[in-house]
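The two complexes that follow have chain A in common; it is paired with chain B in the first and with chain C in the second.
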Partner chain A sequence: MNFAIVTDNLGRVYKIRGGKKTEPRELVALQDVQLQVKQGELFGLLGPNGAGKTTLIKILTTLLAPTMGQATVAGYDVVRQAEKVRPRINMVSGGESSGYGLLTVRENLWMFAQFYGIPSAVANWRIRELLKIVGMSDRINTKSSDLSTGLRQKMNIVRGFLTDPEVLFLDEPTLGLDVGASRDVRLFIREWVNQDPRRTLLLTTHYMVEADELCDRVAIINQGRVLACDTPESLKNRLQKEVLFRMQVSPLDSTQADTFESLPGVRKVTHRAFDGYAVLELILEQDDALGSVVNLMTTQNIHILNLQKREPTLEDVFVDLVGRSMEEVEKSGYSEGNQ
Partner chain B sequence: MNQSRTSTDLQTVLRQEVEKSAGWRLFIQTVIARAYPRIIGQQREKSWMFFDIFLPIMAVSAYVFVYRAIQAPEDYVGFVIMGGAMTAFWMNVLWSMSSQLYWEKETGNLALYIMAPNSMMAILLGMALGGIVATTLRAGVIVVLGSLLFRVSYAVVSFPQLLAVFILAMVALYGMGMMFASVYLLLSREAWHISNLAQEPVYLLSGFYFPIKNFNFWVALGASVIPLTLGLDAMRQLAFKTGASLGFLSVNMELGILLGLSILFLLAARFLLRYMEKLAIREGRLTESRR
Partner chain C sequence: MSSVNLRTTSSFSLKPESRLDVMIRTFRLSAWLGWQIESNWADPFLFAIYSLIKPLAGAAILVVMYSVITRGDFDSPIFPYIYLGNAFYMYVGQVMTGISWAVIDDREHYKTLRYVYVSPIHYPTYLLGRGVARFLIASISVVVTILFGILFLRLQIDLAAVNWGLLLIALIVGVNMLAMMGLILASVMLLLVHHMWGIGDAVASALYLFSGAIFPLEVLPDFLRPIGYIMPLTYWLELMRRAMVGEVAMAFPTLAGYSNGQLMGILIGMTVAFALLSGVIFRFCERRAKERGLFDIVTNY
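Moving on, here comes the complex of A and B:
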């Protein structure tokens, strides 16, 4: 089997410089990452902000050296053979503001195509065609400084596909895009991978639906460690023996929500507060446990507004692995620094 | 994607095998592509006419009036006009070469440059070439306007030599800019302060508004490390009546030193760029300013 990306005990520790008198402190951004991404695969890295996804992408795109372990991309070592890796890859990050505002969309894209050695005529043809596909033909001569965030991101995405890389890295590609544009981008990504079995795409996202809908396999990453790696279906199947309920209830605080977790048969409870109500996501070992939850709610004068039994999602897998929802992890302020 | 597109169109572009050049062809393509935004893009920002022409003319005018008030030799007016034109190159090297990689890091372009198969030397050369072309236009306008305004008379001894001095001064100056750009690769916000700090002293040391012969020999020799110092001195000797009488060293010697500086700075830029790139990748400072 051909692997497009292989990482072996990959890790990265940053040294954060303090003041003149303080010693630099160490920040572990990535730890013992073992991944094997097959050629032709659309692979997802799913994790909250600060989980280490961007650090991993930077290492794989030769922009950052690992402090431990090694990695290969397209069969070449990312540190020792960076010059062999670079012609074969490209990367697009969500919300990036690359290029020059004074240049038009076509000129910016042409410039980046030249850095990969694509002849001007071929580059210009591909730019026109790709812009048609993303619905930006009418903006080909617009200065990139005059583009909206969404259009700018579409231009960045075209830049990534323009050079027809063997391995494409998309770091939160739909960040800042509206629902329709995100769906379009996802469709295009899937189509691009499907068209040639030699193409591989690694996508980082913190949108569960995106990972679920798009990826052949997903690695869930948190605090620099890969916690699980499998197909979205297999990951969700891990929770098949559990029962999942979504409850809409009258307002309650997180301390109250935590008390439900101590009930027998209740594995995890996550709580989200909204204006005038709260939503509890319950992972129960069996249906019977719901009775004790309802009883406790009654004693605490919490009213159930809606109750729904549902299928597991990748969000539930994340909660099961980490103990908290992705939103809670992000709110708790854990961060590996500025990724 | 656009619903009006048929899946056949999509598949055509998605299936296309893209031919890519490498080696020298890629190097030249990169130089041209990186020069493009400087040459074309900058002309679209019309404010340069005010900032890069009107303001330098104002600064030059002040010196012209001082020299005329003290009845200095009339060639001093020409010296000042030429110096004023050359400040455009120094500003360009300082703000758009040396500190450019810092700005590129901030916008995310640097990561894309490093990640692409092109050579970073080609990127720097493109920046330099674009800078020279765009700034020559500005400097030319300053010389023409200043000369007309203050009725400067030239007595060019040798056009080929004048051109050779200008070209060598530019190669050495932009070579120095490329070298500094490599060093600035690791800097964060201090890049701005360093450029600010370096701006004015070079106006003085390179003799933008007076002949450096007025300096002590050793000070003038030390200042000759900045390519504009000898470049300006030699160009003044070749373009004005006073000729060698107000020059620091002979034109040929200055040409030789400029050639040496060009080679030294370009080699140093190449070495430092490789070293700094490796260091930045190791320390994680290619995309981050704060670590």
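Moving on, here comes the complex of A and C:
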């Protein structure tokens, strides 16, 4: 078995300098990460903002030194053999608008292709083809400073694929793209990996659907730790013996929602408040437990507006592993890690 | 969405490159990029006007100050000393600061540093290449300034007596020396996240005082004079002046005891020392920047 990416007890601790009166502190961004990504695999890192996904990508792309453990990409150590790793990889970070604004789209892309030693004729052919795919053929001679943020992001996605790397790292590639563009990018990503078994792609996302739809395997990461790693189906099958309900109810606060978790047969309850109503996601051990939840709601004068039994999703897997939804983790800032 | 097979449609395979090939490729590209950045911010006509007016404005300030202080004594040997020193000093600001500025520009402005750095290039060579455009612009400025001085300010330069060979060699060695100083400054920039915007100019301004650019080192207090003697800029400016107006340079005692060959030897030796030092400092700063995660930080400071 050929592995494109291997990490062994990989960790990263940031030292945060204190102010004049405060002591410096340490922030653990990654700890004991053990991953083996097979060649030809489309591998996803799923986790909330600040979980450590970007830190991991920075280490694997030779931008950042780990503070413990080691990692290899395409068979080479990312610290000691960085110059051997670099010709074999490329990376794109979503949600940003990098690029030399004074250069046209073609010039920007051509220059990066040259950085990888790709002959001009081949680079120009690829630029035309890839711009066609992302619907930017008519912008080839537009200065990148004149592009919208979304178009600049598409240009950067093209930059990543342009060099046809052995291992491509996409950090939140669809962040900030509209629905249609995100769908197109996801389709292209899947197709690109399928076309050649030597291509490996590691993408980070905090969109459950993206991870579920796209990835061969997914690692769920929170607070710098990999909590689970498997195919999306296998991860969801973990919850197959549980019963999942989504309830739309009259407004209630999170303390009230927490009381449901103490009921027998109730494993997890997450709560999201909306204008005029709330949504509860229930993970129950059996159907019967629903009765006690409904009874408690009645005593607390909470009205059920809608009730739906559903199949488990990766969101449920995350809740099961972390105890809270990804949205709750992000809101609370509980998950620290990224810088 | 149509499909594309990037690998099968490309009838080439990337050949392994030697380190030298990588460096040449990197230098060529970054020089091209630097020129695009420096020359594309305005239309060509405006750029040409700017390239002419900027150095003349700088020289005019100095000339007016000189004229007021000396009551218009343009025949004194100190005038070509100051004028040429000031003109050649433009290379310092442009080349040294220009190379270090590439780090800030890529990291903070274009947000491309991370992508440039993880590509298979030789990064120190990339930084040096980014200085090429600044060198060309500085060269235009220096020529314009000197011609203006000859034509309109009675700057006494006999073009037939100019030691062109010495000028060319000193220029080549000197620009390499400035490039190495620029690389050191760029390396330090990799570690700075605050207050980095003005550091290049601050260093160039400090060197202006101690390098004998606009006054001989004898003017400095005794305890400051050694700073001038340990800086290669001092020897370089002296050589450039001697190449252009030998007798004027000899009129000042600072380095009068040294022959051209000795000065060149000192300059080459110091350039080699700075080259070695820049390599060590770059590797140290690169390692520290990777440890601290500074390659893709955007401070908006």
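Remarks
In this section, the second predicted complex is superposed on the first by the 331 of 339 C-alpha atoms of A that agree within 3 Å, B and C clash if a C-alpha of one lies under 4 Å from a C-alpha of the other, contacts with A are read in each partner's own complex, and residues count from 1 in each chain.
The rule is simple: contacts are C-beta pairs under 8 Å (C-beta built on N, C-alpha and C of every residue); 3 or more make two chains touch, one makes a residue touch a chain.
Predicted, not measured: the structure shown is a model, and the values here were computed from it.
Clashing of chain B with chain C is the outcome of superposition onto chain A.
In the superposition on chain A, A:Val209 makes contact with neither chain B nor chain C.
When the shared chain is aligned, no partner comes close enough to touch A:Val294: not chain B, not chain C. Touch criterion met: A:Arg17 reaches chain B, while chain C stays clear of it.
In the superposed model, A:Ala273 makes contact with neither chain B nor chain C. In the superposition on chain A, A:Leu305 contacts neither chain B nor chain C.
When the two complexes are laid over each other on chain A, chain A has residues 14, 58, 61-65, 83, 86-87, 89-91, 93, 96-100, 102-103, 107, 111-112, 114-119, 122, 126, 129-130, 132-133, 164, 184, 187-188, 191-192, 195-196 in contact with both chain B and chain C. On the chain C side of its complex with chain A, the touching residues are 1-7, 9-12, 14, 17, 25-26, 29, 32-33, 36-37, 40-41, 110-112, 114-121, 287, 290-291, 293, 295-297. By the touch rule above, chain A contacts chain C in their complex via residues 14, 58, 61-65, 83, 86-87, 89-91, 93, 96-103, 107, 111-112, 114-119, 122, 125-126, 129-130, 132-133, 159, 161-162, 164, 184, 187-188, 191-192, 195-196, 339. For chain A in complex with chain B, the touching residues are 12, 14-17, 58, 61-65, 83, 86-87, 89-91, 93, 96-100, 102-103, 107, 110-112, 114-119, 122, 126, 129-130, 132-135, 137, 143, 163-164, 184, 187-188, 191-192, 195-196, 337-338. The part of chain B that touches chain A in the complex is made up of residues 1-2, 5, 9-22, 25-26, 29-30, 32-34, 36-37, 40-42, 44-45, 107-109, 111-118, 123, 281-284, 286-288, 290-291.
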